[in-house]
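Below is one structure, written out as structure tokens, with a few remarks after it.
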Amino acid sequence: MQAGLVALSGVCVALALAPTVLAEPLERATTVVSGIADGAPITTDGVYLQLSGIQAGLSPLLLATGLAVMMIAALAVVRRSRVRRTTRGIPAWGCGRTVQTARMEYTATSFAEPLQRVFDDVLHPEIDVDVDHHTESRHYVQAIRYRLHTRDAFEHRLYLPLLAVARRWGDGARRIQNGSIHRYLAYSLFTLIIVLLVSR
Amino acid sequence: MSVSGIAVALLQVALTIAVAPVLVGLMRKIRARLEGRIGPPISQPWRDLRKLLGKQRLVSANTGWVFSLAPLVLIASAALVAAIVPFLSTRSALDQVGDLFAVVYLLLLGTVFLSLAGLDAGTAFGGMGASRAMTITAIAEPTVLVAIFALSVSSGSSNLGAIVSSTLANPSTAASPQSLLAFAALAVVTIAETGRLPVDNPSAHLELTMIHEAMILEYSGPDLALLELAAHLRLVVFLGLLANLFVPWGIATTVQPLHLLGAAAAVLVKITVLAAIIAVVEVFIAKLRLFRVPELLAASFVLAFLAVTVSFFLA
Amino acid sequence: MTWFTSLDRVIETTPAGLRDRFVELLTNGHRLALVAAHHDPPIDGAVGVGTIRVVYVMVAGPPDTRLELHVRLPTDEAMLPSLAGVSFSAGRFEREMQDLFGIRLVGHHQPGRLVLHQHWPDGWYPMRHDAGPQPDFRDETQSYPFITVEGPGVYEIPVGPVHAGIIEPGHFRFSVVGETILNVKARLWFVHKGIERLFQGRSPDGGVELAERISGDTAVGHSLAYCLAIERATGTVPPPAAQLLRAMLLELERLYNHVTDLGAMGNDVGFGIAHAHTMRIRERLLRLNNEITGHRLLRGGVYPGGARATWLPQASTLAAIHDDIHDVVEFMMANATVVDRFTGTAVLSTDDAAQIGTLGYVARASGISTDARREHAFADLYQNLTVPLLTGGDVMSRFEIRVAEIDASIALLTEFLPNAQMGEHRTPLDPVVGPGHGVGLVEGWRGTIAHRVEIGSDGRLTRVKIVDPSFFNWPALPVALAGDTIVPDFPLANKSFNQSYAGNDL
Amino acid sequence: MRLPRKIIRTGRVTEPAPVDAGPRPALPPAADRLRGSLQIRQVDAGSCNGCEAEFAAAFGPVYDAERFGVRLVASPRHADALVVTGPVTKNMAGPLVNTFEATPGPKLVIALGDCARDCGVFAGGYGVAGSVADIVPVDIEIPGCPPTPEAIIVALRRIVDP
């Protein structure tokens, strides 16, 4: 699985650095599809990219080079000043405690939670927090369970209704074509009459 | 790409690095004065950086290469943007290297790496900061794109040099509705992305409320110096971008040293005024509840969207 | 025993009869103020390990009513039927006694350790008189058994004991999904020094310096509660001038602490200018304190049998401070963001506040009217006292109740000023004959402080039990957060409670 | 507009720096590198919170420790000095050591208040592990119960502005 990810990200990086490679094939494709062929939308000399419609240019290769140069410069400054100071490995800062468990690591669900909250009108997450406590006092908690279920908005609002419509169509179609030769002959007859009436 | 153009670009980087910490010092000074305090000297951030460079570098266990790389990426991206953005002259060598979109995404690259670094140490605070930063960025991004689009439409280009030249040629566009709306939208995004009030509080130190600082809690010594400097740089770059995109007057259209000197003075004045306004306003406002921040950003998106609409009608 | 202590009626009961007597008193409108265990050595050189004596102090008022339930348990078989089911705070006192005296609890729902952390040795009870040398501590990696919240993506944020601000040490464990708090547990007692034991063997006068340092910001509250307890135990009646000075010092303490909190709450929502102004006003008050008692935190003003002041403020000074504070409150409340952040945050319902047994401004902001100045007035001074009451239970209510209490304090101080006299006012303690005990109840700035002292036949302290209102109020914080508070609102919520760690941990 | 009026009427609150009259003790070598910039992490290791009150006052507007380049920071990773208060309790000894370890060198440990120096009135408590110097190496001591903000400012200035 990782090999696939690495390959894909490699392609992304390569394209980001040299998008000019794809510029020409894309151009031909758009010409074919749109039928518009009034000059190339992108011109390139290998390093710079220029849009022809408006004045806009870019050079990903030079940007990447610039970034690398700046990083090396920053590293040089840091390295020079670190001559007398060694790097020391140390446990992550835990507010004075030493024990860090896996439960204290940030989770993907949590990472997405703020965005989910922001768009809760769209996503409609269903959240349940069950708290078990002693019968005598609710302040003695025994267990807490959290459940989160987010229904896919696209699935529920678009795909499922579309599927339902398609199914209704299908059901209707099934009633129309039930395998009877007589009925098909009747359809043909009616169609013929309609065609004749229209073409008259 | 001319030699003089490269010289201008390098000059911009050097100037930004020299000015950024002082500007932050000035903002702290203004806040202190309004609070009735004397406050640290304006050069204090420089002193802090110098000391940090001489300190031990601690590397937290369980961190990987992202932890070491992030400060470099953050400072390099900010410095590169400082080279591209027309602070001094419209004839910067790098103008054709990156347009406004490229600049915004370079800054975003820094944000992303900082968030990754926050996650890398595997601590709760780092992850929390990263999640908050990404939430804010995710909502701020559309605003940036739409606002840039509005500017590009009215000037016929997404290249910074061209936008600035266009405004210089037609001064009335600076006061046009689309320009003002786009300015307002980008200003809100600037506040959010540089971690100022009311989005993040640069002067409070409470683990559970921090956004920017939560991600850099694990850093020390030279790494921290880079991160702090990068944060200062990003502030100056954002402010410089705002200043010269919307009020470009004073910028040189040549690369003559005398013109550049004048341009440097002009851009410094503009940035200082903007920074002072932010510092003063920050005293009067409080930090928004975390889930009110998206509302603020949504408002900025509406402004940006209006800017685009208006620019099409007035084009 | 003196006539004075006879006010505190003592009811001897058995472990079996305890629960019924306790419930009867609760339903009669009494409140549990304090539970103290004692390990009495064998009398007159008899052989054996002595007995464990547990004292429950039940109070009601006005009129000031105090009752003590005494239960005796054999030391080697110290089994105590738990009252946790009928009183939440009793359950916490019981766990404290379990840790420090080795009393086994029968029928407690959560009988885990409370005071002693997990790395303290088993079977060593530091408050027993024959505790002996401390055995070796265990590895500190032993962790408190926090409740694990089940569910996908739930993670824990451990905060403390070393915090990012100037905050006392405590550990908070948040079970969180993203920014939503599902559960919080506060693990305290990081600054447990063993103060109660340090009192033992001191003279009544010698205990004052410790009482003043139970919680540094409550020097008057605690030293006054201690002195009142000593005076009850010894039958000493301080001169009225001393009582008046004490009442003034108590209000001055409330004033500087409440003012600090107002700005600190502003600071926690990023409104630093409010903090700057309240810190300025606070400094003015601390300097006033220094003039009055010779100490910025009001130490040295209260001692057994009396009080002293070397200077008294002008009424005009108090009025100026009052106006200054109201300027700050006004500009804070004019800020829409501040109001938004305060309103509806960390709501503590009246029901929860009552069940947990909260005290002080936390209770009064949640609709529970409690004030020891009215219920257990130590002198005839509080006819004109106003006890503000709000029912919101949120951060805003806790902010507003402080503002109202500041006004009430300044009103009291202004009322007291004309009759106040500088200098020393003292009734010397009676040379103590025979043992005695007494309870002191004081409305400190955080709420009702309770001290119970026992003095031996040699005039030395044999036991001092201290209860800071924070001991009652700490469990209310997680309950208030459990609603729909988000993680970044925690510092604000915590500051609005502002409980003492030192006073709780002892 | 109430706040602008309040700001103007209040004016400058900060008082002139307190005079350093006492004899200057020798500073540890690490202090040389912290001239002009000192970032502090405060650790309450068992204090009664009296020292915290005065330490906070030193950073308030009246004393304004920040004007000398002293700042409070959130993480020991960012700190140059630990200001430790209180007798070190048995429960705080471990966290204190961990905090010390988490601070990058060159670093200073400042024992603030009498309890931090010799346990003060809490000496002999069964929960007390010892003074700060018993747990981590102490470089500078600030006496007082609690030390006044003036004393704190004077001690901090000796480091940043020797």
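Odds and ends about this structure:
Order of writing sets the chain letters: A, B, C and D. Residues in each chain are counted from 1.
As a working rule, contacts are C-beta pairs under 8 Å (C-beta built on N, C-alpha and C of every residue); 3 or more make two chains touch, one makes a residue touch a chain.
Predicted model only: the values in this text are computed from it and were never measured.
Chain nearest the geometric middle of the protein is D, using mean C-alpha positions. Chain pairs A-C and C-D differ in how many C-beta pairs they share in contact, with the greater number at C-D. For this pair, chain A with chain C, the centres built from the Cα atoms lie 55 Å apart. Inter-chain centre distance (chain A to chain B, centres taken as mean C-alpha positions): 27 Å. Per-chain CA centroids place chain B at a distance of 34 Å from chain D. In chain B, 34-37, 54-58, 124, 127-128, 131-132, 205-207, 217-218, 221, 283-284, 290-291 are the positions where the chain touches two or more neighbouring chains simultaneously. Contact of a single residue of chain D with at least two other chains is seen at positions 3, 7, 10, 13, 43, 61, 72, 74-77, 94-95, 98-99, 102, 104-105.
Residue positions of chain C with contacts to 2 or more other chains are 140, 155-159, 161-165, 169, 178-179, 273, 276-277, 280. Chain contacts here are complete: no pair of chains fails to touch. Of all residues in chain C, those touching chain A in their complex are 84-86, 88, 91, 109-110, 140-141, 143, 147-163, 169, 171, 175-180, 182-183, 352, 355-356, 475, 479.
By the touch criterion stated above, chain B contacts chain A in their complex at residues 53-63, 71-73, 75-77, 79-80, 83, 94, 96-99, 101-102, 106, 119, 121-124, 126-128, 130-132, 134-135, 138-139, 152, 156-159, 162, 207, 217-218, 221-223, 225-226, 290-291, 294. Contact residues of chain A toward chain D in the complex are 85, 88, 90, 93-98. Note for the complex: chain C touches chain B at residues 155-159, 163-165, 178-179, 266-273, 276-277, 280, 335, 337-338, 340-341, 486-491. Within the complex formed with chain C, the chain B residues making contact are 31, 34-37, 124-125, 127-128, 131-132, 197-198, 201, 203-209, 283-292.
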